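Next come two complexes built around chain A: one with chain B, the other with chain C.
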Partner chain A sequence: MIRRLDASLLILLVAFPILWLLPSGLKSYGLYVVSLWLVMSIAAMGLNLTLGYAGLTSLAQGAFLGIGAYATAILTTKAGWPLPAAFLASSALSFAVGVLLGFPALRVKHHYLAFVTLAFTVVVFLVARNEQWLTGGVFGIANIPRPVLFGSDLGAALPFYRLLLCVTLVLALAMWWLLKSPWGRAFLALRENAVRAASLGVDIRAYTLLAFAIGSAYGGAAGSLYAPLVEFIDPAPFALSASFVLLLTVVAGGAGSFFGPFVGAFFSYMLPELLRATGGWYLIIYAAVVLLIVMISPTGLLGLIERWRDHRSQAKAAAARAAAAPTLGAASGETDSLGKGATQ
Partner chain B sequence: MTKTTCSTAIALTTSLAASLLVLGGTAQAADPVKLIDVIELSGPGAPAGTNWKNGVDLAVKEINAKGGILGRPIAVTHYDSQTNPGATRAAVQRAVDEDAYVVLGPIFSGPISASMQITQRAGVPQIVGGEASAFTKQGNPYIFRTSLNQADAMPKLANYLRDEVKAKSVAVVWVNNDFGKGGRDAMIPELQKRGIQVAADIATESGQADFAADAIKVKNANADAVFVYLNEEESARFLRAARQQAIAKPVIGETTLLGAKVIELAGEAANGVKGHVGLLVDAPKPGFAAFGKTYQDAYGFTSDHNGIKGYTAVYTVKTITERVGKFDREAFAKTLHGARIDVAQEPGILIDTKWLENGDVDRESFLVEVTDGKPVVKATLPMINP
Partner chain C sequence: MDQFLQLVVAGLATGAIYALAAIGFTLVWQTSQTINFAQGEFVMLPAILVLVGTHAGLPVWAAFAVASIAFVLLFGFGFKRFLVEPMQRHGVLPLAIATMALSVLVKEAAKNGFSAEAQPFPSLVPDGMLSLWGAALSARDLAIFVVAVVAIVGLQLFITRTRTGRTMQATAQNPTVARILGIPVERMILLTFLINAMLALVASYLVSPVYLAKFSNGESIGLAAFIAAIVGGFNQIRGALAGGFLIGLIDNLTAAYVSSAYRTAVPLVVLVVVILVKPEGLLGRKEERTV
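Then we have the complex of A and B:
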C-alpha cells in the first residue's frame, strides 16, 4: 500500500509541472475545458472517497457542487468577499452539511442510502430554484468575479487555470495523505466489512460521518471553483443529473483508485468536447463508449489496466508451471515406474 | 502495484497530451465569413434549436447562392449547447477562438447568460433567440435579439385579455424556468394594472409529462380565461390535459403556445387557442409564406418561430455588414444598435424590424387563433415605437 501511494505522490509531483506548462499554447476554449476537467476531478475525488474507499453510495455530490458554487457566488457578488475566503467558507459549509447528511448513512446502506442522498439533491435543487431572494432563482447569479491574489489579476484564462491546478494539487496531496494515514485504512475497512472493522476498534459512526463530510467538502470546494470558472450559475447544472454524471465519473474512472477521478473526469467532461469533431454524432458515440466501458470493465478504465496486469501475471505463472512440468513429470515418472515395478 | 501506477501515468499523460493537441489545434483562418451557431441540439431545448439551425442553414444556402456577403461565402458551423450553461460557455469560447465573425444563438436564457460575457470581452456580436427580458438589461453592447422581449409582448397580451376577451380574472400557468418565470413576472403586474384578478398562479416543471392536476386546478379556479406560458412540448401536453378536463374558458398564450410544433402535438386540443405571436409562417406577409414553403420543402415540416429567428439572424448579419461595407465586428455592433431593416430593402428579413439601443427588437406582431389545426391571424399589432 505504501509503495503504491508513494508512486501516486511521485506521479502527482511529476504531472504538476507538465500540466503547468503544457496548456500554455491553448486558446481560451482549450483552457476552459482543461480547467473544467480539474474542477470536476476535485468533485470526483470527494465522491471517490465516499463511494470508492468508504463504500457509501451517494447521489449527493452534484448537490454539494451546487452548495459550494452558490455559497461562493453569494459571498463574492453580494457580500463582497474575496474568492479565497469564500472558497474556505464554501468548503466548510459543505463539510458541515456533509456531517448532517452522514447521519442517515449510519442507519441505511447501499441503494437505500442512494435514495436518501437522491432526495437531498432534489431538496438542494429546489432551494436553489425557489429561494429567489438568496439564490436568484431560475435567473441565477451572473458576473461572479475571478480572483485577484496579492495584487495580480488571475481573471484571464491561463492564470486562472494555473490557480485551479495549484488548488487541485493541494487537494490531491491532502487526499493522498489522508488515504495513506490510518484514516484511509479505516475507510477501506468500513467498505470491506463494517462489523469486522468495529471489532478491530474502528469507530464506525465517526468514520462514516467523516467519509461523508470530507467527500462533501471536496464537492463544495469544486463548486466554489466552478462558479468563477463559468462566471454564471443557475440551478440547472446542480440538478440530479449532475450527481449521476459524477457517479459515472467515479465508476468509469475506477472507484477506489487514486487516479480514477482524474481519468473519469477526463472521460465525462473532456471526451464529449473532443468528440464534437464528429458533428451531430458526438453524443451517440459518447453513449456507445460508456456502454462499452461498463460492459467490458465494470471496475472502470483503470480496472482495465488492473485486469491486463492480472492476466499477464497469470500467463506468466502458467508459463512457469509449464516450464516446471518436465521436472515434475520426470519426478512423477520415477514414482510411476517405481509403482509399476512394485506392481510387477 | 508500482507498475500499475506507472502504466496509469503513461496512459493519462498520453491521452491528456493528445487531447491538448486536439483542443489547441482548432484555430484556423479561412477566406469564407465564419458564422458559428451555438444552439440547443440536445436537451430540453432541442425542438427549438433544431428549427433555428434549419432556418440558419436555409438562409446561408440562399445567400451563398447569390454570392455571399460582400463577395465572400458564409461558412457556418453548428455547435450543440446541450441546453446547458457550462457546455454553452465552452462552445462560445471555441467560437471566439475560431475567429467567428458573429456568434448565432443560443435560445434559452440560462445558456445566453452564461456565454454573453465571452463574446462581449472578445468584441464579437452575438445574435440570440432568447425572449427572457434580463439579458438585454445588462448594458452588453454586443448582444442582439431576433424576437420581441417578453416584457414588451406582455402589455399587448394584457390589453387583449381586457379588451377582446373581456376577462375579469385569469388563471396563469407557467413553466418554472427562466423563460416561464420571466414571462409570469412580466405578465402578472400588467394584469393587475388593468384590474384583472389573478385567480390561480400555477407553476409547472420543465419536462413535466402529466398536466392533469394542473388542469384540474385551473378548472377549479373558475377564471374567465387561462394564460399559458410553457415551452413547446409542455404546452401541447397541457392543452391535451385541459381538453380532457373539459375546460371551456378561453386559453390564451404567447408565441410558444401557438407554435407549429405545439399545434401538431396537441392535435384537436389546440383548436380555439388564442394569443399573441411575434413571428409566424402563416402571418399575412408575403415573405413569411415564401419562407414557410421553402422550409417545408427542405425539411418536411412546418417551421415554428425559432426557424424564422434563425433565418432572419443570418440576413441581419448580411444586411448590416453590407451597410458597414467591411467585416468589422465593432462597427457591426455599433451599426446594428438603432438600425432598421425593411423588407423592401432586404426581403430575407421577412418583416420590418428595428433594433433598440439595448439590443431588443421592435416590430409588428399578430393576434392569432387556432382554427381547424391552423393558426389564423385575427389582427396585426403595430410596432411599439415605429
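Then we have the complex of A and C:
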C-alpha cells in the first residue's frame, strides 16, 4: 500500500512535464477536451476518497460540482471577485456542505446512504433551476471570466490548460499526502471494518465527516474550475445523471486506487469526445463499455491490470516451486502453502 | 373542495403508476438483492418500442404485442440472465452500479435510436370528464387508477393464493430455507424479474398517453418509484403500494398548494426523513444489518 503510493508520486512527477508540453500542438477544441479531463479527474479524485478509500457511497459529487461552479460563477460575475478567491470560497463552501451531508452518513450506510445523497443531488438541481434571482434559472450564467494571475492573462486555451494542470498537480499531491498520512489509513480502516477501527481508537464520527467533507471540497474545487473553463453554466450538467456518471467514472477507473480517477475520467469525459465522429451513438458506446468494465471487473480497469499482475506473479511463483520441488522432496507441500501466502 | 377531490384522484392515479414501478422494484430487491437504478427507464422504454413498431408500419395492436413480448424477454429474462446473474456474486453495490450504467445506456439508446422529442402515444381510454358528487373528474385518471389497482390486486392474489405465488414469497423471504425445501429458487427469481418487467410495461402504457413518450421520462418516474419503495418499506409489497399512493398524493398536492417548481423536492424531503428516522420504511420490517 505504502510502496504503491510512493510509486504514484513518481508517476505524478513524471507525468506533469509531459502533460505540460504535450498539448501545445492541439487546437482549442483539443485543449478543451484535455482540460475537461483534468477538471473531472479532480472531482473523481474527491469521490474516490469518499467511496474508494472510506467506503461511503455518495451520489452527490455532481451536486458538489454544481455548488462549486455556481458559487464561482456568482462570485466572479456578480460580486467581481478574482478567481483564486472564488476558488477558495467555493471549496470551503463545498467542504461545509459536505460536513452537513456527512451527518446522515453517520446513521446509515451503503445503499441507504446512496439514497440520501441522491435526494440531496436532486434538491440542489431544483434550486439551481428554480431560484432565478441567484442562479439565472434555466438561462444560466454567461460570461464567466477566465483569470488574470500576477498580471498575466490566462484567458487563452493553452495558458488556462496549464493553470488547470498546476492546480490538478497540487490537489493530487495533497491527496497523496493525505492518503500517506495516518488520516489515510484511518479512512481505510473505516472502509474495512468500522467497529474494529473504533476499538483501536479511530474516531469514526470525525473521520466519516472528514472523508465526506474533503471529497466534497474536491468536487467544489472541480466545479470552480469547470465554470471558467466552459464560461457558461446552466443546471443541466449537474443533474442526477452527472452524479451517476461520476460514480461510474470512479468505479470504472478503479475505486480505491490512486490513478483510478484519472483513468476513469479519461473513459467518461475524453473518450466520448473522441467518439464524437460516430455521431449520436458515442454515449451508447460509452455506456456499453462502462457496463462491460463494471461487469468484468468490479474493481475497475486498474483492478483488472492488478489482477493480471497478481496472476502472473503467482504463475511465476508456481513455476519456481515446480522447479524447486524435486530438490525439496517431502517439504514441497509446506513451501507450496508458504509461497501462496507470500504472493497474495 | 371540488379542486381538492380532483387533486386527490389525480394523485391516486399518479400514485398507482408509481406503485406499479415500486412494487417491481421491491420484488427484485427481495428475491435477488438487486437495486435497479434503471427502473425508471424500464417504464419509459415499452412505450418507445410501441412507437418504433407503429412508425415501422405495424398496426397498433401488433405494435403493442411485439413491443410487450420483446420488452419482457429483454428486460425480464435478459436483464436477469445477462446482467444480474453474473454481477450478483460481487455484492449489492457493484450490481447497483451496473444498473446505473444500464440506465444511461437505455436512455441514450432511446434518444438516438428513436427520437429526442416527446411523441404522442395512443391512449387506451378516451379522454373526458366524469361528474362524481358534483366534482368533475378526469376519466383518464380514474381509468389509470382502476387498471393499476386491478394489476396490483391480481398480483397480490397470485402471490397469496397460488402455489407458485407462495413459493415465490418463500424465496423472497428466505432463499436458503426455500432451497432446502426443494423450491426451484432460480426459477422463482426469474419469475419475479418477469413480473417486474410486466408491471413496468403496464405502467408505461398507462403513463405515456398523459406525459407523452420521451426518452427522459424515466428520470422522474424512476425517482418517484424509488422514493415510494423506500418510504413505504423496502422489503414489503404493501409498503411499496402505500408508498406509491403517498408519493403520488404528496406530489399532486404540493404542485397545487405549495410550489409547482418544488413538487419533486417534497417527496425527497419525506425520503430523507424516513431514512434517518425509520430506515426500514413506514410499513417495512427491520432487516438484520452487519453492525
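By our rule, the second predicted complex is superposed on the first by the 322 of 344 C-alpha atoms of A that agree within 3 Å, B and C clash if a C-alpha of one lies under 4 Å from a C-alpha of the other, contacts with A are read in each partner's own complex, and residues count from 1 in each chain.
Everything that follows uses one rule, which is that a residue touches a chain if its C-beta (ideal position, glycine included) is under 8 Å from a C-beta of that chain, and two chains touch if they have at least 3 such contacts.
Because the structure is predicted, anything quoted here is derived from the model rather than measured.
Legend: residue contacts after superposition of the two complexes on their common chain; A:L274 is shown touching chain B, with no touch to chain C.
Of the two partner chains placed by the overlay, only chain B lies in contact with A:I18; chain C stays clear of it. Using the contact criterion defined above for the overlaid structures, shared-chain residue A:L283 touches chain B and also reaches chain C. Applying the stated contact rule after C-alpha superposition, one finds that A:F139 touches chain B and leaves chain C untouched. Contact with chain C, but none with chain B, is seen for A:V122 once the two complexes are overlaid on the shared chain.
In the superposed pair of complexes, A:V251 makes contact with chain C only, with no contact to chain B. Look at A:S181: by the touch rule set out above, it reaches neither chain B nor chain C. When the shared chain is aligned, no partner comes close enough to touch A:Q314: not chain B, not chain C.
With both complexes placed on chain A, chain A has more residues touched by B than by the other of chain B and chain C. Applying the stated contact rule after C-alpha superposition, one finds that A:Y32 touches chain B and leaves chain C untouched.
According to the touch criterion, the shared surface of chain A, contacted by chain B in one complex and chain C in the other, consists of residues 129, 280, 283.
Within the complex formed with chain A, the residues of chain C that make contact are 35, 37, 83, 86-87, 90-94, 96-98, 100-105, 107-109, 111-112, 219, 223, 226-227, 230, 261-262, 264-265, 268-269, 271-272, 275-276, 279, 289, 291.
The touching residues of chain B, when paired with chain A in their complex, are 1-9, 11-13, 15-17, 19-20, 22-24, 26-27, 41-42, 79-80, 84-87, 89-90, 93-94, 96-97, 109-110, 113-114, 117-118, 132, 134, 138, 176-178, 180-182. Within the complex, the chain A residues that touch chain B are 1, 3-4, 7-8, 11, 14-15, 18-19, 22-23, 25-30, 32-34, 36, 129, 137-140, 142-143, 230-234, 236-237, 257, 259, 262-263, 266, 270, 272-274, 276-277, 280, 282-283, 302, 305-306, 309. By the touch criterion stated above, chain A contacts chain C in their complex at residues 57, 104, 107-112, 114-116, 118-120, 122-123, 126, 129-130, 194-195, 239-241, 244-245, 247-248, 251, 279-281, 283-284, 287-288, 290-291, 294-295, 298.
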